[in-house]
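Here come two complexes built around subunit A, the first alongside subunit B, the second alongside subunit C.
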Partner chain A sequence: MTAELNQSRAATAFLLAGLTTAILPLLIQLPLLVGLFCAGLLLWRFLHDMGRVPLPRKPVLFGLLLLVMLGVFQHFHTIIGRHAGSALLICLLCLKLLELRTLRDVSMAVQLAFFSILAGFLFNQSIPAAVLMFAAVILLLGALLTFHHARAGYHSTAAVEKGHIAHAARMVLYAVPLMLILFVLFPRLNTTLWSLPEDASQGQTGLSGTMSPGLVSRLSNSPEVAFRAQFDTAPPDKLLRYWRGPVLWFFDGFTWSAPDSAPLLITTPVLEQKRNKISYHITLQPHQSTWLFALDMPGAVPDGALMNDALQLLSPQPVSKLLKYRVDSYLHYVLPRQSDRPNITFLAVPRHIGPQTRRLVQQLQRQHPAPEAFINAVLDHFRENDYYYSRTPPLLFDDPIDEFLFQSKRGYCEHYASTFTIMLRLAGIPARVVTGYQGGEMNPLSNYMIVRQSDAHAWSEVYLNDKGWVRVDPTAVIPVNRIENPADAVRLRPGLIDVSRYVDREWYKKTLKQFRFAVDVINNHWNQWVVGYNEKRQRSFFDIIGILEFGWYGIGYLLVAALSLVTLLIGFRILTLQRGKSDPVRRIYRRFLKKTARRKLYQAPTEGALSFAARVAERFPAQRTALLTIAETYNDLRYGHPDQDALAELRQAINNLRLTP
Partner chain B sequence: MLKAILDRHLNLSRFFVGEGPQLPPYLLHRRRVYILPTRQGLIFAFLVFVMLLASVNYNNNLGYMLTFLLTGVMVISIFHTYSNLLALEIGPAMLKPAFAGHTTPVAIQITNHGFTTRCAVECRLPKQPAVTLDVAANSSIFVRLPIKFDRRGLHPLPRFIVATVFPLGLFRAWSHVQLQQSILIYPAPADDPCLPQNTHGDQQGETRTVQGLDDFEGLRNYQPGDSLYRIHWKTAAKHQLLQTKQYVGSAAADLYLRWADTTRQDVETRLSQLTRWVLLADAASRTYGLEIPGHAYPPDSGPAHKHRCLAALALYGSSDDSRT
Partner chain C sequence: MDMNRQQITRLHQVIEQAGQIILGKQTAIKLALTCLLARGHLIIEDLPGMGKTTLAHVIAQLLGLDFSRIQFTSDMLPADVLGVSIYEQTNHRFVFHPGPIFANVVLADEINRSTPKTQSALLEAMEERQITIEGETRSLPDPFFVIATQNPAEQIGTYALPESQLDRFLMSISLGYPDAESERKLLAATDRRDELLKLTPCISHGELTLLQQQVKQITATDDLFDYIQAILNYTRQSEQFVCGLSPRAGLALLNAARAWAMLDDRDHVIPEDIQVVLPHITGHRLQQVEFNAEQSVAEKLLAIPIP
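Let's look at the complex of A and B:
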């Protein structure tokens, strides 16, 4: 293995291609500088193979290594953890490329590349990532194979090299059944072996857990999936698709947040007068926070989840991988009233903000002293004055409430929810902001609903003395003609407006939409069965095949048995394929060659059977006839039109041959 | 019965040194090919194990997938490496006589009756560098292994190793091969630059016309053993028949290489000196005879004669001597 490397251009090309494929998903996640550095090193290697530049000497390599260490530490302030570790890994891998002297170096580079594929999966487990993995494994194995073949000093040709990639692909293909068996049967654990590094969870898009209307001038329009819901019952009406998420109650003048974690509930409140039960599963994309979503309002806490004082569902750990849970929600309900009114936190308004708003509230309150009447008056205020729904409202600098209410009058859900909540609080009505998603699109190709990041929404909850907390969505009162973007109109006012006006009429748009749905079906299945295959799913699978009752021993036996069987089948296939069909003529003739070898007579590779037999007959004239019969029968079997029993004849002649002088 | 079978299959010496001398061709069947992981293979296995730990810890299903795929590839590569040697036929070896102390290549025939090329098959004689080569499908090649013997005589071909780590270098399949063939080693020629001056002709007191080197006499039909330099190629092209040019020379040209004329006393040194003389005489295209205790070869020339003389010197005093 330590043999000096026979440089083969094809092998290095495969290696470069494989490495690039392996680190690509990782590079996207890391700072641009890492990407540029790696690209530079790859380019260096490539130019070297083209015969343009020499490879760096040891001191230069050492310097680059030091640079990598320092750079990574400088940027991440650590060299362990998901990001820093990955950055270090791929930089070292690319550095290794500049120092391929022995087969061991190549082997090490390939193994580092496998590791970086694994590191990439910590960020992204999508179908494209899996496809890239297979491509990278084939290319890297192909490179390893070509380097090993290059030891024979063969004459490199395109056909030979294509054959090597095909060979690697075949090996991977044969390995797939073993992979599947192990994947399905290898016991999944529900716990981690050691604590995850701190930054194992960060950097995902989605709701932020805070809300700053006026500070962000652009609403997320990301079509990225937030979660998917599969309904056992009929899906809820479009107007009632409020997916409850983080509840915010503290406002500092600009930002809504939930600063102290709300106390967790030990017993969940029992909803009263509940109607319209909806049962469904939610498959939540990882968002690295603890909140879970459910239709307003879940009747019970799902297994393994928690609920806090604000009736918000929470996961015990940050959701860092695909999470599936089952919820029953009631679209109509009344919350049990609390014995005392909610405390002062739901009435707090920063002293300095909204002087104009305060006057408006006082005026409205004089006209409508009852809480319900006051709420309607505020909603009417939004409905009857020129308030617009806009995705790109102007920024608000000093007093977001006053500026929105009296000057800009343009905003999205956050502005309305925030202003509405403040106005109610000024009127002495407890109120809070609820963020989450509103809407969702049924995938017509499969029975589930897709909720995207662009469906993010915010609304209010108001505490009424006789009803408890009640949902009020102030955005909903803005008339359709004041919604600036038609797509938002469709989203926010389903059924109220003539949807056909906005439906894509061009066939290609329709097809594209259809195609997107199809892709989402595939993604959903991938998530359900591959990425989301966990201990629970595995147990239900074991249950189906009836192995569960035998316990872990049974599963162990099954694993070993299945692996052995498949390995034997594949091994048999490879061995017979390589050997070719067993050739009976050759087998019998070999016995003849053994007999002559015993007399120190060997058939030369260029010598025909007849001339060899003649040569043997010179030494053993007594057997001349037998020898010639053997040679002629052999030739007949090989090249002529042999009789039915020519093979038996040959066998007999060879068995009877006695080479004695 | 059972014991015999067990002995046959579980004999440890087969694992370390092979089956002992076997008649060529030596077929590498299942029981003759061994396979074990290489150092790289063990490192690779360790890496896969670390990847498994990482996948378990992060509960990462695509990580599991990669880990298990590589596990599968590792298992598959056992079969690929094993089958890269399986059913190859080793031998016979083409053994040309060589001089003691000189490195000479031994050409061993390797035949592949299979449908796929056997890549990077490595052959190695003990204490010699390995030779790596491909054996194409349905063909046969010669691998030339350098070999060196320090003593003259008829030596059995030493055991050599046929091995491969192809395709991934994770496993090494090998077989110990010992062909039941012998190689003839001539004595090492001494550093003696000149031939002895004596000839036999003087003693007979007459001058005979014998086949010699000086004057062209005519043509006769080729006989095996005639020097290639003397074939009359012009008539060969014309008559489809090989003819040898005949020369006449005086008997005075006959050279006798005699045991008694050697200047040293030691047997081996004498043989070395005689070997050098044979070579010198042959190089000078002289007609020479050889006389050693037990053997006398009348004067002649040509490669066959040279081989006869050198073989006699090589086997002098050994049990194989009577064979020639």
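Let's look at the complex of A and C:
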């Protein structure tokens, strides 16, 4: 007997569908070329199953293998790591499809597919990913069942094949309680189990730690959630929702950055004046960098976080998984004055930059020598001239400051922040750029605020001798009518414009918005309770249900006990289901078997009902007729012409049977 | 089915009367009739002198069928079986002289003594139920029932039938030695040949054909198919057999079981029917890998649980 693969069209269809579902979350994270390659291989296999094309020979497969290795290495410059490894995995998995010859190949492909589902969770742990996982597992199990079924030579119909999917779904359903127990009770580790080298080439959506023209506006259309904030106090006024992020002070003529990591503060700066305290939690989406966000200005450093002397909150490690922290901020504050005036770092301007701007600054400075007056003059310049706030500003090339200020006059927040900061520096006022988010939307269905990537913003911070560092947002002076995008207008001028003009009147848009909020509520809970279920949360959960005092050993025993109990329950359920599934004939007949079993007479698996009845009749000759009637009626019901009367007859005969010698 | 009760009762008479001549072989007689009802052919593997000819003759006699016997030898040609056209001087044309195969019940004695050529002439005729000679197709009589006998192959001068040919026989039985009581009766009895010739048919030609048609209408439910498939799959997957049972063997199993159920006066097949005919359907079809296996094929197959 060879293990030759018994071809079943449905079986390969299930396999292909399951595989596609399994690798989908990975494909969207990987270069398009990988997706096209895999789609090509899947199509090849599909056409083969339709009887159109042959499978490739060994040398072709080998060539494709080399191509994959080279391609992956060429693109990622490595073949290990999260992205390169996943790309390699799914390419090879799809290649495996072209040499499915035996059942063993199929099992292997399915196992690889399971592995790629796991790999998918390295990228995406959202609800859709989890749903896809279930779908993929069910399809793959269904495929396995169908292959084995065909291999065993059973007759297959469309109904039978559908039944396999249902069967697979049942198997997954039975596994769910075990999954939940393991998830809740299995000890969580404080760190991630594996640490994968991150590929340098992969950018994450979000702030990048540098700022150049076009970099923030790139985010303006991204509805991705940056973080969510849950307030213990009333949420801040819309105009004051400045979420402080990376602070940048080095300008090379085009890009702002913070090249030397600023020294960390040992003690938190004591705000000289503080009012309007806001207490809140932030649940930060992973962004692979170290910075944390807080409302301007945090009064203290959250547990486990750091702060540098640019007053930026930092995490000790890159935020690679969902991070939750608690902050208290003061909306109105005065920072302590520094003992020495900020040095040249905050005054440097590349020499070749902005000859025209320099002239403008000199002219304004002559008219307004005092720093505060100068700042207002610059802001007035933006306010009174035709400067527009635009998501699609013209590209700037050689001198972004001059080109923006005198030619294009259309810019996103980074243009304004950058130009404003440079102008102040040229006037001898220390200034720096702060990036972060501005705005945020309360979810009306639940009590938290969503801050999206599209809320990304940049503003300036200016050092005034008597006030310390002060926030100035040059974008804020652009009149509403010069804000090109209504969404930006609503965001930046919440109080100043008639919002109703921009509110969607169509019911479907309203519904859609409502629906989005609802989805976000669910996502938030998912993040808090599933993705964010870490060691700390596990401990507090154990505390709530009162098992924390058991200690880890006790919880270990509890885990084993719970798993055993659930397995037993499921086993029992499967057994009773199988009995229940059997038709009433078998159920009634089983009563007969119970009666004979009491007399130590058991029907052998190979014994027909009639032969068994005859055997029983030898022990109990008085009941011979009754026994034979039972067997004949049973046979008639199962192998002859079932009818209700016969069933009643069988029940009657079995109930009346008394096995007494 | 009720309308056939009469005919089935007559078949029971056939079995009973045959049993008086071939003593102690009720089951073998019943199996032979089963094979006939299922429109199959029978192969008897046994030593000479066990009553094979008598069995064939008795069945033919009791069913009112004509009977012929072909003794196969190594120098036999197909024409000796099928018939031959001979030129007749008087009317100047060839006239076909039908061979011994033109009979309802044909006993092909010691079929493995003849050459493969002659064997296949017979086997083809069995399968097609017609023969073609010199471009002319002639139907064989209906019912057409071949009982072939085969000596154990170890004897010298035999051409054993290959498995593919054996597959054309629906069932195989072997008569074996009679038990002591039957043997004594046999010794004490008068000449059986006279008794045999005195037998009168119990059933008419038409009734027999009707019964053969009715066999196909015996009910077999899905539950029964499960059992048959379990058996077929077992033979195909187990490493113990040289090759598994063919689909034709599966059909043979079902049809034989139907005929047996009919003889048992039942309108549906039950697993016991399968179990009775199973050894006779698979005996000549399945070959074990292991030469002197501990368990016979039948024992292995009967150990498959009924689903």
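Remarks
The criterion applied here is as follows: the second predicted complex is superposed on the first by the 562 of 661 C-alpha atoms of A that agree within 3 Å, B and C clash if a C-alpha of one lies under 4 Å from a C-alpha of the other, contacts with A are read in each partner's own complex, and residues count from 1 in each chain.
The rule is short, and it goes like this: a residue touches a chain if its C-beta (ideal position, glycine included) is under 8 Å from a C-beta of that chain, and two chains touch if they have at least 3 such contacts.
Being a predicted model, the structure only gives us computed values, none of them experimental.
In the superposed model, A:A234 lies in contact with neither subunit B nor subunit C. Once the two complexes are laid over each other on the shared chain, residue contacts for A:P605 go to subunit B and to subunit C alike.
In the superposition on chain A, contact of A:H641 is made with subunit C only, not with subunit B. Of the two partners subunit B and subunit C, more subunit A residues are in touch with B. In the superposition on chain A, A:M179 contacts subunit B only, with no contact to subunit C. Of the two partner chains, neither subunit B nor subunit C is touched by A:M50.
Of the two partner chains placed around the shared chain by superposition, subunit B is the only one that A:V531 touches, whereas subunit C remains out of contact. Residues 1, 152-154, 605 of subunit A lie at the contact with subunit B in one complex and at the contact with subunit C in the other. Partner subunit A is touched in their complex by these residues of subunit B: 23-25, 27, 38-40, 43-44, 47, 51, 53-73, 75-80, 82-84, 86-87, 89, 91-92, 94, 109, 111, 113-116, 119-122, 132-134, 140, 142, 165-169, 180-181. If you check the complex, the residues on subunit C that touch subunit A are 219-221, 223-224, 229, 232-233, 236-237, 239, 266-272, 275, 302-306.
Across the complex, subunit C is touched by residues 1, 152-155, 605-611, 635-636, 638-641 of subunit A.
Taken together, the subunit A residues at the contact with subunit B in this complex read 1, 103-104, 107, 111, 114-115, 117-118, 121-122, 125, 129-130, 133-134, 137, 141, 144-145, 148-149, 151-154, 167-168, 171-172, 174-179, 182-183, 186, 188-189, 192-194, 196, 200, 321, 530-534, 567, 570-571, 574-575, 577-580, 583, 586, 590, 593-594, 597-598, 600, 602, 604-605.
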